[in-house]
Amino acid sequence: MKILVINGPNLNMLGSRDPNQYGNATLNSIEMSLIEAFSDIKFEFIQSNSEGEIINKIQSAPSYFDGLIINPGGYAHTSVAIRDALELCKIPKVEVHLSNLSARESFRQNLITASACDGYISGFKELGYSAAVYLIQGIVKNR
Amino acid sequence: MKILVINGPNLNMLGSRDPNQYGNATLNSIEMSLIEAFSDIKFEFIQSNSEGEIINKIQSAPSYFDGLIINPGGYAHTSVAIRDALELCKIPKVEVHLSNLSARESFRQNLITASACDGYISGFKELGYSAAVYLIQGIVKNR
Amino acid sequence: MKILVINGPNLNMLGSRDPNQYGNATLNSIEMSLIEAFSDIKFEFIQSNSEGEIINKIQSAPSYFDGLIINPGGYAHTSVAIRDALELCKIPKVEVHLSNLSARESFRQNLITASACDGYISGFKELGYSAAVYLIQGIVKNR
Amino acid sequence: MKILVINGPNLNMLGSRDPNQYGNATLNSIEMSLIEAFSDIKFEFIQSNSEGEIINKIQSAPSYFDGLIINPGGYAHTSVAIRDALELCKIPKVEVHLSNLSARESFRQNLITASACDGYISGFKELGYSAAVYLIQGIVKNR
Amino acid sequence: MKILVINGPNLNMLGSRDPNQYGNATLNSIEMSLIEAFSDIKFEFIQSNSEGEIINKIQSAPSYFDGLIINPGGYAHTSVAIRDALELCKIPKVEVHLSNLSARESFRQNLITASACDGYISGFKELGYSAAVYLIQGIVKNR
Amino acid sequence: MKILVINGPNLNMLGSRDPNQYGNATLNSIEMSLIEAFSDIKFEFIQSNSEGEIINKIQSAPSYFDGLIINPGGYAHTSVAIRDALELCKIPKVEVHLSNLSARESFRQNLITASACDGYISGFKELGYSAAVYLIQGIVKNR
Amino acid sequence: MKILVINGPNLNMLGSRDPNQYGNATLNSIEMSLIEAFSDIKFEFIQSNSEGEIINKIQSAPSYFDGLIINPGGYAHTSVAIRDALELCKIPKVEVHLSNLSARESFRQNLITASACDGYISGFKELGYSAAVYLIQGIVKNR
Amino acid sequence: MKILVINGPNLNMLGSRDPNQYGNATLNSIEMSLIEAFSDIKFEFIQSNSEGEIINKIQSAPSYFDGLIINPGGYAHTSVAIRDALELCKIPKVEVHLSNLSARESFRQNLITASACDGYISGFKELGYSAAVYLIQGIVKNR
Amino acid sequence: MKILVINGPNLNMLGSRDPNQYGNATLNSIEMSLIEAFSDIKFEFIQSNSEGEIINKIQSAPSYFDGLIINPGGYAHTSVAIRDALELCKIPKVEVHLSNLSARESFRQNLITASACDGYISGFKELGYSAAVYLIQGIVKNR
Amino acid sequence: MKILVINGPNLNMLGSRDPNQYGNATLNSIEMSLIEAFSDIKFEFIQSNSEGEIINKIQSAPSYFDGLIINPGGYAHTSVAIRDALELCKIPKVEVHLSNLSARESFRQNLITASACDGYISGFKELGYSAAVYLIQGIVKNR
Amino acid sequence: MKILVINGPNLNMLGSRDPNQYGNATLNSIEMSLIEAFSDIKFEFIQSNSEGEIINKIQSAPSYFDGLIINPGGYAHTSVAIRDALELCKIPKVEVHLSNLSARESFRQNLITASACDGYISGFKELGYSAAVYLIQGIVKNR
Amino acid sequence: MKILVINGPNLNMLGSRDPNQYGNATLNSIEMSLIEAFSDIKFEFIQSNSEGEIINKIQSAPSYFDGLIINPGGYAHTSVAIRDALELCKIPKVEVHLSNLSARESFRQNLITASACDGYISGFKELGYSAAVYLIQGIVKNR
C-alpha cells in the first residue's frame, strides 16, 4: 500500500511550537516513526507552505497512492480551494490535527477542508498520524 | 488495561440508522469486534439514553478504568453537564463520532463535550472505535 | 388503532400554568376527553420529566403502536437526542404545542424535534391533542 | 358556520410542485374534499398571488365569516403587512403549511404571520386543511 | 402648495387598532383635521394595501405635488422596491409612523424606506401627520 | 423563438436613476435594441411594480414562451413568492441586474429569486439583457 | 409653557460639521430662531458633553418644565443611563436628530434613548427642533 | 423554616474541581456549615446529575418547603425544562453559582433557569449558599 | 470594617421607579437600614450619575476601605472604563442589581463590569445590599 | 482584440466534477470552442492553483490585453488579495462561475473578488465563458 | 511645535496594571521621557476619567496645539461622542494603545474612536507614545 | 542591526492605488527613504504575492535578522497560516498598514496576523514604515 502524507504550512517547524498543543516531536521524527511502525507501507512525505502546491499534489494523488493523510495547518479553516481539490480526489482521505481544535480559538474550529475527507482526528499530537494510517488500512480493507 | 466504552442516546439503534452516515454495524457487533481485536484489554460497555446516568458513569470511571471512550450522540452538542464531568475525569479520554460531523447539519458541529477530552475522531463509522482504543494505548504508553 | 401519547417535562402541572398560554385543562382531563372522543382508538399516555425515559419510550413505540403524539415541552427546543430517536421511529408522528410558539420567547421558536416528525401543531391549547389524533387517522388512511 | 379559506402565492399551482413537500392534490381537489367532508359548513375559497388583495380579503373577513384559514405561501416569512391585517381580524384564524417548515430552508422557518393567528399547522400536506376546519369548529364551540 | 399623503397597508383600519400604539383617531378624522389645520394646502389622500399601487403613486407624485407624506405601514420594514421608488422621487418626503418604533418588536426597527426620505417621525400618533406637513412647509421654504 | 422579458418595480424609471449604477438607457431603448439585435426572436416585454402581477405572468409563461428573462428589481432580495413561482416555471430563465450587486448595500446582496433561475448576470448595465438573450439561445440549443 | 432643550456632546460645534448631514446653522442660531418663532414659550437651553450632567438635568426637569427636547448626540446610541433617566421623567419628551440616521453608519441606528421618549424626529436638520416644539404643544393640548 | 437545597450535575465532585473557580470546600462541608450557621432552619439537601430528577424535586417542593436554593450546574445554561419547572414553583427561589459566570466561557453566561427564580448569586464560592439562605429569610419576612 | 457603597446613575430616583423591578425603598431608606443592621461597620455612601466620578471613587477606594459594594446602574452594561477601574481595585467587591437582569431586556444582560468583581447579586431588590455586606464580611474573614 | 482568460484552482479538473453543477465540458474543450466561436479575438488561457500566480498575472494583464475573464474558483470567496489586484487592473473584467452560486452552500455566496470586476455571471456552465467574451466586446465598443 | 497628550480612564494607574499588557512605566515616567526625548516640542499632558472632560479638551485643541495624541482607554471601544469630537478636530491625531488589542478580549477590538484619527498604534507599551510623536512630526512636515 | 521588510500582495503596485488610502509613494521610493533615514541599519526588502513564499521568508527570518516589518496586504485578514508562522518567529515584529483600517470595509478590520506580532500601526501611509523601524530600535534596546 502507498500513502501520501501532506503537511501544510508551518508544520516543518514542529518541535519549536507550544508542546502543550503540538507535542514534542519534530516533523522528521514523526515521519521516521511512521516508516518504522508500518513497514509494509510505502510513504511519500510532502511539506509545503503554499496553497497551490498542496492542491497540485492532491490532484495527482489518485494516480499514485492508495490513501491520503493531510494536516492542512492553517489552511484547514480558510481554503475552499483545497476543499474542492479533496472532493475531487477519490481515494481514502484522513485529516489530522495535532491539537484539540474544539478547545482552541474560534477561528480554528471552522472546518472547511475536513468536510471533503472521509473523516478527521484532532487532539492526539503525533499519535494522530499513526491512527490515520491505521484508519486508512481499515477503510481500504472494508471497501 | 481496562477501558470503559460509553455510548449515548440512540446508539443502541445502530444498524437501523442511515448507513451512509452511521455504517452497517450494530452496537453489539462493534463491541464484539473490539473484544476480538484487542484481546489483552478488558472492556466494559455501557449504553444509555439518560444524561444523568452517563454523568454518573463518567464520574466513577477513574477508579476502575485506564481509559474512556465516549460517543455522546446528540448530547455532544448540548450537554455542558457531561462536559464538566469529563473535565473532572483525569484518565485518557477519546470522543468518537460515527459520521463526519463537519459535513452535516450545523447543529451537529458545535462540540461542547469534545473540548474536555484528549481529542476526537469523526467520520470513520465503526472503525472509529478501534482507532480510539489504538489511541488510548498510545496515550497510556507515552505517559 | 393504538396511539402513544408522550407528554414531556412539566406537562403534569397543566392547570396551574398560565391559562392564556396553556389553557385551563389538566393533563388528566385532556387524556379523558381523548378517550371519550375517539372511542375506537386505544391510547397509552406517558408523562415524564426525564429526557432518557422519553427516548426509551420513543424507541420502543413502533413495536406496539400505530401512531405517536408527542408534546416534548422544553425539550422541543434543545434535545438533539430526542430528535434522533424520533427520526428512527417510522410510525406517523405529530408534535403538539399548547401555546403559539411563534408569538413567544425566541428560545421557544427553535424547533429541534419537530423536524423529525410528520408535522406539528402549535397554539390551539387542549384542542391540539384531538387534532393530532384526527391527523394520525388521516395519515394512516392515506398510506 | 361560514369559513373563508385564503391561499396565497403559487398555491394555484399545487399538483405540479414537489409531491414530497406538497403532496399530490391540486388546490381544486383540496377544496372539493373540504366541501364534501364538512357538509354543514359554507366555504369561500380565495387564491391570490397579490399581497394587497390578501390583506383586503382579511380585512373584510370578520363581517362575513366565522373563521379564517390561511396558507400565506411565501408571504408567511416576509409580510409584516399581512401579519398586521391578521392581528386586526378578530375571528378564529388557523395558518396552514403543507410542508414541514422546520425541516426546510432556514428562510422558511421565520414565521411572521403565524404569530397573529390562533395557531398553525405544518407538515401534513392536504390533511392540514381539514384539521384546520376541525380546529376552527373546536375554537368556536369553546368560546 | 399640494401635498400627497400615502397611507400603506392596514392604516384604513385605524381606530380599531391598539390605541396605546396608534391613538384613537380614524384615518378619516386624521385627514379631515389636516385639511382644517392647513387651509392653504391642497391634499390628496391615498390608502392602499398593495405594494405595487403605492409604488405607482410615488412614481407619478413629482409631476403633481410639492411634497409627499408616507406612512408605509408594514412595508417600511421590508420593501426595497418602495425604497427605490422614493429615491427616484425628488420632492420633499417625510415618513410618518404613529407608534414609537424604537420601543416595539425588533422587526419593526429595521427601516428600509426611511433612508430614501428626507427624514422620519415616529411615536406621536396622529400628531405626526401635522408635524410632517409643518416640516414640508419648512423644507420648501428653505430650498 | 419567443422570449418573455419581465422588468420589476422602478425599472420603468430607467434613465433617471444613477447612471453609474444603472447606465443611461431608458427601458424603452433597451427593448428596442433587443428587437433590433435579435431579429429572429419574438419578444414580449412586461414591466410591473406589483409582486402579484409578476407572479401571474411567470406562472403563465411556460405555455407561451421558450425562455424567460427577469429583472426583479427590489423584489430580488425579498420575494419568496416570486422565487417559488420561478421554481415552478420549467423554461430557461435568466435573472439580470443592471448594477454590480456585490459592490452595493448588503441588503442588495441577498439573492432570493436567483436561486430558482438557471443563473444570473449582474453589473453590465443594458448589456446584461442582450447577454441574457444570448444565453437563452445557448441553453435552448444545448437541450 | 416652559420647555427645556438639551443638546448633547459636540452639538456646540454645529456649523463646522458636515452641512450635508447637519445643516449650516450654529447651535446659537437654532436657539435664537426657536425663541423668535415661539414667543409664548419660555426656553432653557443646555449643552453638555458630559453624560452625568445630562442625566442630572433630565432628573430635575419635571419640577420646572412642561416639556423636554433632547438631542443626545452620540449618547443616543450607547447610554442606558440616559435612557433610564428619561424613562423616569414623566413630562412630554421629544428626541431630535439633525441627520437621517437610517441612512448613516450602522452604529448610529441603534436607538437606546429614543425608546424612553414619546417619539423621535430624524433627518430634518435645524427644522427638527421647531417641529419638536410643535409636537410638544400638541401633546400638552391633547392630555 | 424549611429550605430545600438542590445541587445539579457534578457538584458532588466539589473539592476536586479547580479551586480558583469553585473554592476548596466539598459539597458535604458546605451542607454541614449551613446546618451549623442556621440552626433554626431545617434543610433538605439533594444532589442529582439527572435533569428529570431535578424537575421532579422542584415540582414537589412547594408542598414541603418554605424556600428553594438551586445550583443547577451545567443545566443552568441549557435546560428550558428546569426553567419551566421553576416558574411553576411559587416559593422563594435563589439560584447560586460558585464561580463568577460573567468572567468565564461564553456558553456559561446564557442564563436560562435564573430568569424563573427571584434572583441569583454568582462568584462567591461556598459563601454563595449561606447568602442564599440569608436572602430567603429576608424574602419570607418581607412577604 | 469600612465599606464604600457606590450607586450609579438614576439610583437617586429609587422609590419612583417601577416597584415590580426595583422595590419600594428609596436610596436613603436602603442606606439607613444598612447602618442599622450592621452597627459595627462604617459605611460611606456615594451616588453619582457621572462615569468619571465613579471611576475616581473606585480608584481611591483601596486606601480607605475594606470592601466595595457597587450598583453601576446602566453603566454595568456599557462601561469598559469602570470595568478596568474595578480590576485595578484589589479589595473585596460585590456588584448588586435590584432587578433580576436575566428576566429583562437583552441590553441589560451584557455584564461588562461584573466580571471584574468578586461576584454579583441580581434580583433581590433592597435585600441585595445587605446580602452584599454579608458577603464582604465573609470574604474578609476567609482571607 | 486580445483577451486573457484566467481559471483558478481545480478548474483543470473540469469534466470529472459533478456535471449537474459544472457541466460536462473539460477546460480544454471550453478553450477550443471559444477560439472557434470568436475567430477575430486572440486568447491567452491560464490555469493555476496558486493565489500568488493569479495575482501576478492580473497585475501584468493591462499591458498586454484588452479584457480579462476570470473564474477564481474557490478563491472567489476568500481572497482579499486577488480582489485588490483586480481593482488595480483597469481593463474590462468579467467574473464567471459555472454553477449557480445562489443555490449552493452559503460559503460559496460570499463574493469577495466579484465586487472589483465590471460584473459577474453565474450558473450557465460552459456557456458563461462565451457570454463573458460577448460582454467584453460590448463593454469595449461602448467605451 | 505643541502637542496635546490625552490619557483616558485608568491610565493614571499605570504601573500597577498587568505589565505583560501595559508595561512597567508609570504615566508620569512616560510623560517625563517624552519631554526628554523631544526637547524641541512643548507638551501638555491631560489625564481624565470623564468622557465629557475629554471631549471638552479635544474640542479646544485645534486653537492651541499642532497635534493630538490620545489613548482613550476603555472609551476607545464605546464612545461615539469622543469619536464625533475627534472628527471635528482638524489637527494631526494619533491614537495609542499600550497593549496589542488584536490579541485581547473581543470587546477591546471594536475601534470606534480610531476611525476618526489619522491612524493608530497598538501593542508597543510605552514606546507607542514616542512613536506617536515621531509620526505627528512626520505628518506636519508632509503637509 | 538587520531588519527584514516583507510586503505582501499588490504592494508592488503602490503609486497607482488610491492615494487617499495609500499615499503617493511607490514601494521603491519607500524602501529608498528607509535606507537613507536609517543609515546604520541593513535592510532586506521582499515583496511577494504568494502566501507560501511569505511564510517561507518569515520562517527563516530569525536566523538572519534582528527585526521584522510586515505589511501582509490582503492576507492580513484571512491567513491563519501566516499568523502561525509569525507566532513561531521570535524576533521583534511590527505589522504596518498604509491605510486606517478602522475606517474602511468591515472585511479589512478582522486582524488575523497582527495578533501574532508585537503590535501594529495603521493609517499613516508611508510614514508607517519608518515608525516601524523606530519601534523595532526601541524594542531591541529595551530587551
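Residue numbering begins at 1 within each chain, and the chains themselves are lettered A, B, C, D, E, F, G, H, I, J, K and L in the order written.
Everything below uses one rule, namely that a residue touches a chain if its C-beta (ideal position, glycine included) is under 8 Å from a C-beta of that chain, and two chains touch if they have at least 3 such contacts.
All values reported here derive from a predicted model rather than from experimental measurement.
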**Request:** Spell out the chains that contact subunit D while also contacting subunit F.
**Result:** E
**Prompt:** How many angstrom lie between the CA centroids of subunit A and subunit C, rounded to a whole number?
**Reply:** 47
**Message:** Taking the mean of the C-alpha atoms as each chain's centre, how many Å separate subunit J from subunit L?
**Reply:** 31
**Item:** Inter-chain centre distance, subunit B versus subunit G - centres from mean C-alpha coordinates, in Å
**Value:** 62
**Asked** Once you find the CA centre of subunit C and the CA centre of subunit G, what distance in Å lies between them?
**Response** 54
**Residues of subunit A whose C-beta touches two or more other chains** = 50-53, 78
**Message:** Following the definition at the start, I'd like every touching pair of chains, please.
**Reply:** A-B, A-J, A-L, B-C, B-H, C-D, C-H, D-E, D-F, E-F, E-G, F-J, G-I, G-K, H-I, I-K, J-L, K-L
**Complete:** subunit B partner, complex, touching residues on subunit C are 50-53, 55-56, 59, 78-85, 88, 112
**Message:** If we count contacts the way the header does, which residues on subunit K are in touch with subunit I in the complex?
**Reply:** 8-10, 12-13, 16-17, 48-53, 73-75, 77-78, 107-108
**Residue ranges of subunit B touching subunit A (in the complex, touch as defined)** = 94, 100, 102-103, 109, 111, 114-124, 127-128, 130-131, 134-135, 138-139, 142
